[in-house]
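Some structures are shown below for you to check.
Each of the next two complexes has subunit A plus one other chain: subunit B in the first, subunit C in the second.
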Partner chain A sequence: MTKEIVKAMLWKEWRETRWKWLAFALAFHIPLFIAGLTVALRASARFDLYALSDSVAAQVLEVALVAQSVFLITAGLFLLAFFAVGSIGSELDNRSMFFLFERPVRRWQVLLFKYAVGAVQTTTCVGLSILTTLAATYLLMAAAATNVTLAGSWGSFVLIISNGVRGTVWTMVIALMVYSATFLFSVWFEKWWIAVIAGAVSLVGMFYYFGGNLFDWIISAATRNKSGDVNLDLYGRLDPVPILVMLLVSAGLYFASQYVFAWKEMK
Partner chain B sequence: MSSNVEYMPEEYAIETRNLGRKFGKFEAVKGVDLTVPKGTVFGLLGVNGAGKSTIIKMIMGHLRPTSGEVRILGRALGEDLVEIRKRVAYVSENRYLYEWMTVAESITFTRAFHATWDDRKAADLLKRFSLPPEKKVRQLSRGNRARLCLLLALSFNPELIVLDEPTSGLDPIVRRDFIENIVSEIAEEGKTVLFSSHIVEEVERVADYVGIMDEGELLLVSTIDEIKSSYKRVRYATNGTRPEVTGVVGVMMVENGRHEQVLTVQGFGDETMRQLGERGVKNPEVLPISLEDIFVSAVRAERERRASL
Partner chain C sequence: MERLKRKSFIIATAVVLLVVGFVAVQFARPTKAQNPRLERFLPTNAVGFVEVNDLRAQALKVIESEAWREFTKENSTASSLFMIGANHAGALDASYAVALLGVENTEDGKPEPQFVVVAQFDGWEARRTFENRVLRFVTEGQQKGVETKTEEYGGVKLNTVTKEGRRGFAYAYASELLVVSNTADAVKRVLDVRAGKLPSLETNQTFAKARANSKAVDGMFGFLDGAALTRIIDNAPAGANEKVKAFQQLFHGVGAGSVQSVAFTSAFEDGRVVERFSVVAPNREGVLATVASNPPTQGGLLALVPEDAVQAFDASVANAPQTFDQLVALASQLTEQSGKKGPADVLAEFTEKTGVDFRGEIVGAIGTEFCAAQLTAGTANDGPSGVLLLNLKDESAFTHALAKFAERKGRTTTEREYKGTTIRRIEDEEKHGLEYAFVGGNFVASGKGAAVERVIDTAQGGRSLKSGAAYQAAAAQLSGPAQFVYYNSNTDYLNRLGRTLQGGEQEFKTEGQRASLRPSFAFGMTLPDGFYVESRTPLGTFPRLLTAITSKLGNEKKDGGAE
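So, the complex of A and B:
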């Protein structure tokens, strides 16, 4: 693959997915939008916000982190499955992919490119949504609450965002695995709706095998310690074994996609 | 396959040997041996479903043969498909393009894939085809889509151009321009063209060689001139009694009129006339034959042969 081909393919991917990417990024902030709407529409919520202080701001940030994480590994992953199907399924479904097959470029390179671009798009959207949610919550409190200041709640914000960063790693790895599974199905079945169903089934399967641990982490994160704060220690611990397993599963799913793609014919 | 032509063996752009393809139990292509000499225009003629597109897709590496082999420009297809695609242009029947791109974007995008891209040629073709650069592909007419595909195929100076039903869906004016002008010009540049069509007139107008296909088999391959000199129609009055001519050498088809019979004969010559005379045929008139007559005769004769098995 020459530099010109890479540039051309990147340009094509960007043009094809830029609005979808934006919509996807926004969709991953649904909890934040719901919170924002609540504050905007309910006077009591506004009153609570105005009454916040620096010490309570830490708890609000913790709740924001937990709420966003729960959203991501439940509804968020189903959203991701839809996005992943679109990353190649539509091009196979409407057969525009065959335009590339007619060019002097290897099939596995085309698929690797599509996979890599889609994986970067999905995992960054998923992972960064935790950090942006925390940052937005922090700024909103500092702007609206009478007794919350940027400097005063900075320590709490740094503590929780550091847990958020580790949570980002977790959710990105989980997202990569779900993306890879859905990608395989969309290469396999071509029709996007079949791939969505298959992706959803794989998602349920993933929860069956990994779900217990995932919810443990979240529940532990929401467990209050003796001082009355939320205990984020377990949530923020980067356990290498499940992360490695999920990365290996993702790699396996990717190579399975390559295998299926190599046998695909232009009927 | 029956071939009436002695090819120069070292000068093939495309060679297939015993090429076959099955879809489940259905045999779409049956052991086809096809050779396309370099620098010629080869028309693959057959009704819809004859197996033309399947052969072309196998030649282009988009379908895997269930039997046989393909060589393109001297290379086995399995050797290096990317190297082959650098030298071969393919325009599929469905004319795959990215609908959201503009004409100009399609050209720029495709340019990146070909080191041999000729900007001047692309600009010339854009002007000649009157393609609007800012218009999106989804807004183009069928004719303009076909022209854009051809522009993309020709602008990197391929040695071999494979066109699958290039005129399907086009109006007669565009179709004639496509066949008479464009394909002829490509051929004049010394490039090899393989194109498929179910329209006999198109093949007759522009092809040097014709291959007639039916039900997955290549029935006949030859030059247009040789076919026409080899095949004749013979007409004679029957005067109430029809002579039995089915055993006459080369008779492919018998058409019965009220007062006459018309035979289509392959390999027409003195022997044909002698055998007809022995069967009581008097004053036979030898008529010129069109490619369409030959096509219909070849297909009917083959179908009758299959039915009799």
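So, the complex of A and C:
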């Protein structure tokens, strides 16, 4: 496989999915949009925003961090499943996949590119949304609130965003695992809606068995018995064991996808 | 170009434009509370009212004010949470007016003032929130002997609340308007004005003139109809009631009956609050006329106050003897009728005890100007000290009177020299005393000798408040010769603000805060048709207003457990 083919494959995948990716990137900021609409339409919410000061701005950023993290490990994972489910199934459904098979690339290489581009897109969507949400919240406060100054709140912003990076790592790893599982269903089932149902069922199963763990790893320790406050030190503390396990599961799911794809009978 | 013709693109653009338009309309449309003119709902013969326009807008201006910004630097969390607490107390989305409609006789013939509170809410939701949080005690009190009787009046439900058979208050809702009064009759009058059955205060010419002359339209506005007030007092059934008769005499004696109207405005300008009082009284009578004919203060005593004074009040007292005589005559007239001890007796007793003729030797010796100032602490271990400066017409008579007073009272008088000026100290047995000196024909006195010394220093070439840049800048707002001026450097303002707001859930600093706020300044002057008082302060009365809302309504909410 030449460098040109790699570039062409990557370009093809990017071109096909860029608008979908942008839409999902926006969708991962739904809590921010809800907050924005509330501020725009409700005078009392705008008043709260104007009344903020440097120290309270830090608390708002902490709340934004927790809210976005909760969104990502609940509704966000379902969104992600919707994104991943169209990776292969739609191309099998509309038979455009057969066009690729006529190119000088192997079947596993086609799947590898699709997986790699999709994985990068989903994990960046998820992980960066924490940082972008925090940045947007900070800029909004600095612009609107009379008593929030860049000089006075910059330290808090840096502190929270640097702690938020741990949440980014966690949510990216979880997102990769969910993406890999849904990718497998996308390869397995030609009809996209069957893959969606399979993905949703598996997500519900994951929440049933591991939902508590997801919250414990990222949020609970930082918020439990804190009377509404957030202990940033305990937010998303990195634990290598579950992270490695999830990465291994993701790798296993990817190879399972390759196996299913290699043996899949396509007409 | 083809891309722009796509159906989806056109639909998306239309949706975006609709959303932007909706948000723009939300921002641009003035709410009912923003444009209230609550006088529309008050009867034309209302005696007076005070209105607060759009409390939320006022609270926002407090946040943006110079003082609150400084205060927030020192009390970052508490100031934010205080404002957020006020926001969620449920009372900001409205304009309010408190009015006195008049005095009516009750069923048993006793005169009763009719007060009414009118609140114009932003909308149904704001009214409902207020009802749930603030008027909740009405429904909660049902089990505690509180009864609510409801009747239909002009298509509106009028509720009369009584407790254990005694009349409490009455209230009614009409769309976004809430009317609360101590009498159902007053609520009915407001509802009649709203329905157009009675003329509103807007049609009152005295009010229209006062409203037109008020320089501000937002913030707070107050109005008092002098003629209506005089009518009420004159028509009060005195009968054999000597107290009523005496009050009527006092009212006219001080000249209050010659006041046509009083108007008050309070608004934010340039990050601080400007409050203005206008008293219209072209044909002044009694004490009011004597005070009005007082010549303006020259501010000469301010040239003796050190530049770094915390605050100073300077007033013209040129007509003090005449005013004193008028007040004594008035008091004599009133006490004669009641058979009680009169002012002449009191003054005679004073002369007997002290050997000082108060009218002749004290009041008669007073010159043209009076000044009271608070000076900054001289040392780190010392607190601020007050000093009194009085211009004298007859220094020797005044000195003689003080000496006689000290002698008769058995006080020790000592003397010391300070930079060529004699400072005397009159001290009692507990070593409490007063130090005084005469500086350029002016009496200077203080509880602390250091304060008198600082005035002497200023008189001998030290920098004075009057020549200081801060005072000059503050006094630039003076629009003519003033009867009195008040200056406050505001160095302690943030601590005072902290103490004002104290008592709620938030902890504010009350000591050790220093900020370079612009000084407060107020002045009062006599005009051909009355009096005018103007003040510029960091926040005016708004902090107290917001404290009342957050502490009272916030506690209601907490106690009630709602929300």
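The criterion applied here is as follows: the second predicted complex is superposed on the first by the 254 of 267 C-alpha atoms of A that agree within 3 Å, B and C clash if a C-alpha of one lies under 4 Å from a C-alpha of the other, contacts with A are read in each partner's own complex, and residues count from 1 in each chain.
In this section, a contact is a pair of C-beta atoms (placed from the backbone, for glycine too) under 8 Å apart; a residue touches a chain by one contact, two chains touch by 3 or more.
These numbers were taken from a predicted model, which means no experiment stands behind them.
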Superpose on subunit A as described above, then tell me if subunit B and subunit C fit or clash.
fit
Output check: A:S53 vs subunit B and subunit C. Expected answer is one of first, second, both, neither. What do you get?
second
For A:A43, select first, second, both or neither according to whether it touches subunit B, subunit C, the two together, or no partner.
second
A:V105 contacts which: subunit B (first), subunit C (second), both, neither?
first
According to the stated criteria, A:I5 is in contact with first (subunit B), second (subunit C), both, or neither; which is it?
first
Subunit A-centred angle between subunit C and subunit B, computed on Cα centres after superposition, in steps of 10 °:
150
Counting residues of subunit A touched by each of subunit B and subunit C, the higher count belongs to B
Look at the superposition and give the distance in whole angstrom between the closest pair of CA atoms, one from subunit B and one from subunit C.
14
Inside the complex, what are the residues of subunit B that reach subunit A?
57, 60, 62-64, 82-83, 85-86, 90, 92, 94, 96-101, 108-115
Report the residues of subunit C in contact with subunit A in the complex, numbered from low to high.
23, 26, 31, 56, 59-60, 63-64, 68-69, 72-73, 76-77, 79-81, 83-84, 87-88, 92-93, 122
Which stretch or stretches of subunit A touch subunit C in the complex?
40-41, 43-44, 47-48, 50-56, 146-147, 152
Name, in rising order, each residue of subunit A that touches subunit B in their complex.
2, 4-5, 7-8, 11-12, 15-16, 94-96, 98-99, 101-106, 265-267
